[in-house]
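Shared chain: chain A. Partners: chain B in the first complex, chain C in the second.
And now, the complex of A and B:
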């Protein structure tokens, strides 16, 4: 498995992304298209945790922190510069730097796995509480009011680089989100195929053995965690371009949901978390339209059912079933 | 001549337990040393200190004369010290060949890395297992895979903690041949309980007892030493060479 070149998967990602960009804006109404953009940003977020947890073996309860930082980073920067292109590097650098700093403290401090979960969760909740308390005019960064509980509603969307008078319409934002999702997937594939990624997986398998073979485990964990923070931030940036940023991005609800997406989709795969995020988002949206049903209740029921019925997640289970079918076909 | 690896008054205490107690031990370049002693004598703990898994309570560890006490595990490994732990420590979800490629810790190209890894597997007689996932292997095979991972980066010193545990008589015989062969290129310290095996790989033997070095001598002399018999008394270990041989 490890020696295989991921060319087929990469080609599939490119084709699917191109198809989505070509077809969906024609068939979906504006509201549905914006929703699809949200799904794409959530898929990027799920992918970020899929990398960190599924391959790095680091259960991060605070992936929402990087999502929120990316969103706020973009919103604040976009309100302060004329050309929103310049907000992009800021929106990506802030969460990546936060992940690097947090990761450095955790991995170089040799903090145990349990405490890592506690620390990442705590950081997220601190950000949640902090952003919630930023109501009022004194809380602003340059031209951007932080808006407390209400968040920052009037975030300017991306424009074509160098063309600040021309904000991208929703179809274009959708295309950007899909391209970002495909790019993150391909980046993930390439990273996992690289020497770095293979060591990361080896560390997940047996940290002590990796150490005894001469790998500085801390560096690899820091690397994958920072990459995850970067991708989580990108998800936040995309989200800020189709909804608006508010403290909810840092909430326990999001942190928990991301974990569920990854678990249901399949830990240890890249496509699994994407599928999990899209399916469960669709399910939640649909459940929201039902009268007198709490969507969280449905989500919880699905999680329990999924864990019981498909302990490995959707994608690995489906792949195994497919392999069995093929073998049966090949046997006679 | 400076020893390859040496310890000076090395101590590792756990509360009141003196697992390793003022051990002075020197391994020369290219040497094959056996380490024996009853259960709980401190052999594994000694290995853990040498490989940076435990920070010694007191004393020094030197590598080619250089003080490496308290260095990180990965840094010690990079110096050229490999260890096969008592309980096999493997990458369960990876294939055998991928494990060995990782163990090489080199940056040369994929094809070259794979070729070298296959060569190591062939040397240990397990090339047929290359594509298997480690978790699916039998116990004796797992021991060999771990050995392959230890040998792959060509360390100057190899520490083997009970390499034949759980092996069949035949596998043990092969392991003895293998260890002698490894000794042509590497220095080794081997922890073993099986005296037959120790005689087969014939070398200097150091006897641990309650964290301390009890005797250090040739195999024949150690086996004839009454003190060694005393510490092993009550144990079911066969002491060949004692029955008039």
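And now, the complex of A and C:
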């Protein structure tokens, strides 16, 4: 999928994003629009893991950690400085730095696959437990109470850069989220086209061979992992703008969901995780409205079915089917 | 002095709990390198099996020690036949599929029994140690952990079935060449692991409360204990739960339960950084 017609794919992303910004706020009601913003933030989150796992070959069980750190970083900074122009870089720097630190420990410690999964999971759990226990007045950072289990409900929305008196309405926040999603997709495409991205993919294909060819595997893995952490943080920032931050952002359920999105959408693609996130998020929301069925049951069944029947995910399977059809048409 | 004994008992109870909840996962991981993320739900199903049969009028001990492992063992057989069997050798896929199973079990149980906490009080009252009181059930858990680990060790070490299991664990192709069917061994091992998990769920039910989501509290702890322990299933689980259980209980005693747990997780991370293959990757390598 990579390398072929990247310019066309980037153009398609720009057109789709522009169309979404132009059309959706006119046709959707406010509630649905805010929901669409949540979907966009989830798609950014799925994209971040799609990059780290699908191209870097690093299965991170704790992508939710960066999601939560981005959200908390934004909420705490925004409550402290009033002008969210300065909260945004902080919210992006915190998860990226956390990813860099965690990645340094893991990759330079030469920790193998399964153990990496455990460590990322453990870090997420520590954050979950810690934020859950921060109820009460002694737990505050500057002017921002951490709020324990209840999170920070009073997160201020983004404002126009440099103009704190002018918070963005939900329509604008939606536009920001869609732009961020498209930008992350394009950034992913560009990174994968670069020399750095090619080496990352080479390492996924055969780590030892890449190492024998003289590449410092640890550095490249650290690079892609940090980029993933940055995108995860961006997703958290967007999420904080349309819902609010709470310890559930760090929960095992979120970490699991992200993996499911990527898996169902298609590992090793960038559009797949986005599609997976939107489809499954819609499925969970729809299942939540059914009185008799529990959404967890449906999500679980989808995951088991996906692993057994579609181990490559929706997008690659569909693409392969399309190619087969074309070949059959071309044959006679 | 009394305080020291009371704290020591508390630490031992913490270790025993960790050991009990990890053993089923360790057997499955040690035998076939499958990380069963539905382990927490096996615990939950064991607890439900115990509570339901106790409510139906069965003796509480019978419900906990017999019905729960049998019921969950049967579920384990079904899971192995339907899902795990197709995925041997694909570790990540098994993890994802069992995660799906875990979500599915939570959803199904919530639908049937509702999202409410059930529970039964710990049998066996309390024991006085000088000026302190300790629960008799804690002592029972320590005993149960010892019996379980000794039992699994004895089966692996002394019985023909244990010999076959160890052989298959070390080299499945060679075992197959000698006339053992690895897929049958795996099926039995998975069922035994599931049964141990069911038993564990029933044993912890009196102090954890029985909710559909109770497994999520324990899966991570069990997972971390088993991985920190490393490849040798008994020595690894024993040493890791000894270490992590001590840290968690003492941390809880010194600060709060949450910080105690955070301390335990932090120790696990540091340990994996120093010993990337787990404790038994470096020490006790030749043990079971």
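Side notes on the structure shown:
FYI, the second predicted complex is superposed on the first by the 327 of 332 C-alpha atoms of A that agree within 3 Å, B and C clash if a C-alpha of one lies under 4 Å from a C-alpha of the other, contacts with A are read in each partner's own complex, and residues count from 1 in each chain.
Heads up, the rule we're going with is that a residue touches a chain if its C-beta (ideal position, glycine included) is under 8 Å from a C-beta of that chain, and two chains touch if they have at least 3 such contacts.
Predicted model only: the values in this text are computed from it and were never measured.
Residue by residue along chain A, chain B and chain C are tallied for touches, and C comes out ahead. Applying the stated contact rule after C-alpha superposition, one finds that A:198 touches chain B and leaves chain C untouched. After overlaying the two complexes on the shared chain, residue contacts for A:213 are found with chain B alone; chain C is out of touch. Residue contacts after overlaying the shared chain place A:309 against neither chain B nor chain C.
Within the superposed three-chain model, A:27 lies out of touch with both chain B and chain C [touch as defined at top]. If you check the complex, the residues on chain A that touch chain C are 59, 105, 109-115, 117-119, 121-123, 125-126, 129-130, 132-133, 252-253, 256, 259-260, 263, 292-308, 311. Interface of chain C with chain A (complex): residues 35, 83, 86-87, 91-93, 95-97, 99-108, 110-111, 216, 219-220, 223-224, 227-228, 256, 258-259, 261-262, 265-266, 268-269, 272-273, 276, 278. Across the complex, chain A is touched by residues 51, 53, 72-75, 77-78, 82-83, 85, 89-95, 98-99, 102-103, 105, 107, 110, 114, 149, 153 of chain B. Remark: chain A residues 1-3, 195, 198-199, 201-202, 205-206, 208-217 touch chain B in the complex.
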